[in-house]
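Chains: A, B, C and D, in written order; residue numbering restarts at 1 for each.
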């Protein structure tokens, strides 16, 4: 129980503390410390939940079950590794004169602020607070997107701000409707926004209201997930912000938005008793998956490229959650993990690559394997992994998604097949020339700390080969929670 | 026991892969050895010698291939054990998904393909050390090559072991990805990169199709292990869906027309011993997958499937050899012949499917045996030819056969070995290629037992296509051998090259050549052992295969057809010897050397001899429609009024129809779609808000 | 039941609701930024009154607080801040005329009808006639989005955004008598921060594309170049 | 006993092959109103060639020297498995008709290699054309054989002939087509007019001769002999498969004698037909050979189809 409070207090303290640290190098190190602290706390929490099952705080404001606890651990882990990467990276950016001391201070403060918002989204039991935290995450990152103050970055930040703001507002409307529907049920007036309570009485919530509410929630949080056609902010924000930012945006924020949607879906399913919510999610997911796959082909900016790949994968997960069968749910949960690990690792590598080539333009970066093998291989392996090749974990989840789809919606499988083919081609036609080939002049090796990448890819590889028992147990429990059945 | 050897083989392959990473770790290893052997100073000295800068490189190189050799030998043992023992062993490894561990099953079919891998692997491990030396000093790290070779081999073997979908696909993709890195190994040429990209793309799509094929079975059986699949009953429609998906997926890997076009791009650009493994062995793994899926997992067989496979196989056979005829890059030519031989194998499989669907298990078994035997034979002679080609390229640094010639005088030993491979692939008696084609013919000839008249006429027609392809193959290899080894050297490199100094580079191919002759002359034991496979798959065997004794091959019955390769060989040798005695020994005059007939003009030189292009011209003219030919003649004229020709330049480009008619359109469609889609992202924020606005409206309208 | 039979409180609610929609329409049609901001302030005040009214009738004290918050934020602070910005940046002179206001207005009324149609199932839910206001609030939300779609001025976008918030708030008050306090506070805090950030961004945008015309923010796109 | 008989039959076969060539020449001369050389002229030529000193070009490798032996031995082996005057001989079991085609292919393969061994334009051209023609001829040949094999349900020649003998005289449309197809193939394979002209030495027209242009002495002798055997082989195949009557089914002397007599008559008749065709037709351009052979293939295919459609009970 204490672990939860720690989890929320540590980033808060970090935020306050970092806001007054002037030396940026030191700030980087402190940032790492705080993140490792919260990782410890999250692991502690994970152990608790593993041993005692779901935890509900006395005020009922916080609720940890097997679904969000592994997301918490994941968030903490990615947060830590990314902070390890971002220290030297931002220092290098500072040497290049892209950012000043003050902005770096803002950066580190907001880093912790963002983590705080993430933890809050995941731990809270109150749909309203979840909304608040989600909006808070936007506000925390919006200034980081425009950190470089280039026209593009400002534009990206503005779009990010407005679009997510509007979207999130709709989510709030959905929440209001949720609350309203709950109030109609007698006996839960004062606790009507608590997820646990809602889930308990899901069957007695009014279907009409719930379905409207879900539309607003889906469009609202879906904007954050980056579902087509609400995705437009995502590539801009990813490509223009500092790379660590892109890493945690892709690796964490999208996951948590999806988490929120799934929580809502569980309520709506309980109330409607039909597959409407699932169908909506499948539709959005498939659309995002296919469109993003096509977008991949026309990218000229390497970070944009991978942000579209993020959209594609989020689409796949949304689709899988939409199917809702145990296999699909298991796959989606697993995919959340592997994707955020792999994608953040890739963004780290991409950050180094663009620093090394002094540009983000794809056609300017060539022959990485010759310039700096570690980065070249990192990028290549990462891409192979994200493209869903075994023995990397991403494959396992994509495999299960395909099989599950073949089970329930066989006529959709051709679309998935085509999508995966197109996506792979789009991704790889850009990456292979970057990695292989001859080196352009002026491209020199840099000091790069590939440890985070290796750790991430190592874990993903391991997960692809074997899922340890406790993790499998987690996934099974979460699957049971969401889909109501155990896979096999 | 067999399973133990199978595991051992995988482990050895992986070990060689990992050992490759230690390429420049000699000091560390030296210190480690020093610490390890501190008890035995003698050994310490020895180790110090090994790990010294001078010797380490060679030691390391050899150790890699020794490990591969161990893997090969144990693979042969494992395969032999399963094939002659006839036992089915199963196992599970505690890996994979929490509720789906890796299931292992090792039966005669896997054993047979294990044997196949092992035999080729031994040759490669003999060949390798000499061949890869050129990679040691250069831009290509040997560690990458070694690592992915190990993974590649391990992947292929794991595919044969897999007994559940998840594990199967993992192994399958491991095979594809690692071979991708091998194809992209020499990545400084843009063409190689392109080939590698295409290769991986095809692998992805194929794998997806395979997953879906398994997905159909999984959907009906509710499980993901093959045991579930074996018991499941499907409706004909769904069975056909699964079958078509499997045919697409495995056929794409196997390089069936029209999905073949990536194959001749990818296989030749890898290092030659890898090309041998890819063309010789990996394609067979695809065949294995198809057999496993169709004959083992699917519960029924429809005659339409057989017809489809038969047609596709025949098309691949014919087009493969025709395109091969037009190639002048020695390795591309061989790669295209892989397409042809895969076609032959699939003709056999198609016949088998037809017969089984007609309820004639006996004949089905015969056709299956023919296909399996041809897989083995093709693995042997194609690897042999690729290794030989590798030696040629290694010694002359020429891939274009138009620049070679007269090598038989400079590399007599290689010439003999290569000739054996050539005779085998040209399906000439008494070599092994002929045996399997003969069996395929025999299977096709039993078509009179088939019910449907369409099939009954289709089967012999496909057989005649096979005959045409066989004859064209002979033509093509007369061209290859004649241009490369015979005649006069066309370039200085060809004139000055010499036999490779490294003995292994000859021993590898020679080992395969020996096997070719052995299997060609004594095919019966092999076929007898294949009975175990058909027995496990179809429940029937070929009882009469050796009705007249083990020297004779009588697939159906002695009176229907019989062939005794050994006696044929004896007969040829005997007659030849008699003629030799009568005409030469008995007062025949010694042959006198003189200039060849030059019509009295004198000065014959290499530029006057027939080129490969000229040789294959009649075929090109006759089969015009299947090629995409681009022929240009530039005349340089000069003098007053440009009346006199001072120069002629003739250019010919013959390419595969699959590009303009299949691959290019798909690419165009995708590009068009992506351009079209990317219009939605206008960059104007008001548009974006409008998107979410209208999304909202539409959804609200939709639900209410 | 007809409006005549309602209590005055309810009648007042309905009246306010209609007024709020009216303000939304006015904003939609308004071409001068200062007036836009002014109308926005009026809307905020109306919202505050509504909240206070609800608080009084339902005597739920925490609604007073939220009423106070609304008044200070939406009614006073944000409008004044926006006005300052407009004046400092000298945007008060240039006026942005819609291509054809009539169609936009028609669209707006269409939205009102649409949201009513959508909300029918909710309205049927209970005899409480004030539920119709949910339709109104949804209409306000949609109108706010419409405002953002039709205007090119960043300031107008902010106003639209904020009026969406107003719509939400209104819905919360009239349909559910206010969200739990913690949520209210959270939302208020977010709105505050958002407002401040908007202020910051105006200067960034101004410095990057020396104007606040969002149509010029289109460097990042995927369209064929 | 049987093996000995088989050996004798083989010897008889290869011994009488030149005689057939002589006879063919005689027929043609008669038809062209020329005085013919004696029937035994081919023997004299062969003896002369064996006596001569062979000349081998400088660039030639061992393949050039080995090729004639291989060609001759494969042809002899082929001759040994074809029933000449008696069926049920054990040698027929060594190889069936598919292998027979394989023998021809083997010999041709080495001959073509030998043609390319010297590195002159002639050899290459000859090899290329020879291989092309044979590639087109082989499917037609096989199709014809299949028609037979499917009716007799065997590819073993001796068994097939037995089958035809025992079914007695049956007018099979399939056999008519198959025989015609086989005849055309035989013309192409043995390099006779109109496909090739064994007597020409014009660079542009010759196929077979261009390939063996460099051969002389005993090598040339062997090749000539082999081609004579091949000619006779095709003749024997045609007459014995489609008109097997008279061939000996037991090994009693009178049966054998009668068989020999019958065979001689049949072959003589067939040769007359061949001679007629050679006189009547002119040699065709190399690129019209494909039409000729595709016609042959069409005939055999028709044979196959008529077998399936007309002769099998459905």
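Convention: a residue touches a chain if its C-beta (ideal position, glycine included) is under 8 Å from a C-beta of that chain, and two chains touch if they have at least 3 such contacts.
As the structure is a computational prediction, the values presented were derived from the model and not from experiment.
**Student:** Going by CA means, which chain is nearest the middle of everything shown?
**Tutor:** Smallest centre-to-centre distance to the global C-alpha mean: chain B.
**Student:** When I count C-beta pairs in contact, which pair ends up with more: A-C or B-C?
**Tutor:** Answer to which pair has more contacts is A-C.
**Student:** So, what's the distance in Å between the C-alpha centres of subunit C and subunit A?
**Tutor:** Averaging C-alpha atoms per chain gives centres 31 Å apart.
**Student:** Compute the distance, rounded to whole Å, between the mean C-alpha positions of subunit A and subunit D.
**Tutor:** Their C-alpha centroids are separated by 78 Å.
**Student:** Whole-Å distance, subunit B centre to subunit C centre, using C-alpha means?
**Tutor:** So the centre of subunit B lies 70 Å away from the centre of subunit C.
**Student:** Could you tell me the distance, in whole angstrom, between the mean C-alpha positions of subunit A and subunit B?
**Tutor:** 43
**Student:** For subunit C, give me the residues that contact two or more of the other chains.
**Tutor:** 118, 121, 145, 148, 157, 214, 217-220, 222
**Student:** Residues touching two or more other chains, restricted to subunit D: which are they?
**Tutor:** Expected reply: no residues.
**Student:** If you look at subunit B, which of its residues touch at least two other chains?
**Tutor:** 675, 678, 680-681, 685, 689, 692, 696, 700, 704
**Student:** Touching pairs of chains, which are they?
**Tutor:** Pairs flagged as touching, ordered by label: A-B, A-C, B-C, B-D.
**Student:** In their complex, what parts of subunit B are in touch with subunit A?
**Tutor:** Contact set of subunit B toward subunit A: 94-100, 139, 165-166, 169-170, 173-174, 176-177, 184, 187-188, 190, 193, 196-197, 200-201, 204-205, 208-209, 211-212, 214-216, 218-219, 223-224, 670-671, 673-675, 677-678, 680-681, 685, 688-689, 691-692, 695-696, 699-700, 703-704.
**Student:** Can you name the residues of subunit B that touch subunit D in the complex?
**Tutor:** The touching residues are 405-406, 408-409, 415, 419, 423, 426-429, 434, 438, 441-442, 445-448, 453, 456-457, 460-461, 463-465, 467-468, 470-472, 474-475, 478-479, 481-483, 486-488, 548, 552, 558-564, 567-568, 571-576, 579-580, 583-584, 588-598, 604, 606, 608-611, 614-619, 621-622.
**Student:** Write out the stretch or stretches of subunit D touching subunit B in their complex.
**Tutor:** 50, 52-59, 61, 63, 65, 69-70, 72-74, 76-77, 80, 93-96, 98-99, 101-103, 105-106, 108-109, 112-113, 115-125, 127-129, 131-132, 134-143, 146, 149-150, 153-156, 159, 213-214, 217-218, 221-222, 286-287, 290, 297, 301, 304-305, 308-309, 312, 314
**Student:** Using the touch definition from the top, list the residues of subunit B that touch subunit C in their complex.
**Tutor:** Interface residues on subunit B, with respect to subunit C: 675, 678-686, 689-690, 692-693, 696-697, 700-701, 704.
**Student:** Which part of subunit A faces subunit B closely enough to touch in the complex?
**Tutor:** 158-159, 162-163, 166-167, 170, 211-212, 215-216, 218-219, 223, 229-230, 232-233, 235, 276, 280, 291, 294-298, 369-370, 384, 387, 389-391, 395-396, 399-400, 402-403, 405-407, 410, 413, 416-417, 420-422, 424-426, 428-429, 432-433, 436-438, 464-467, 469, 471-473, 475-476, 487-488
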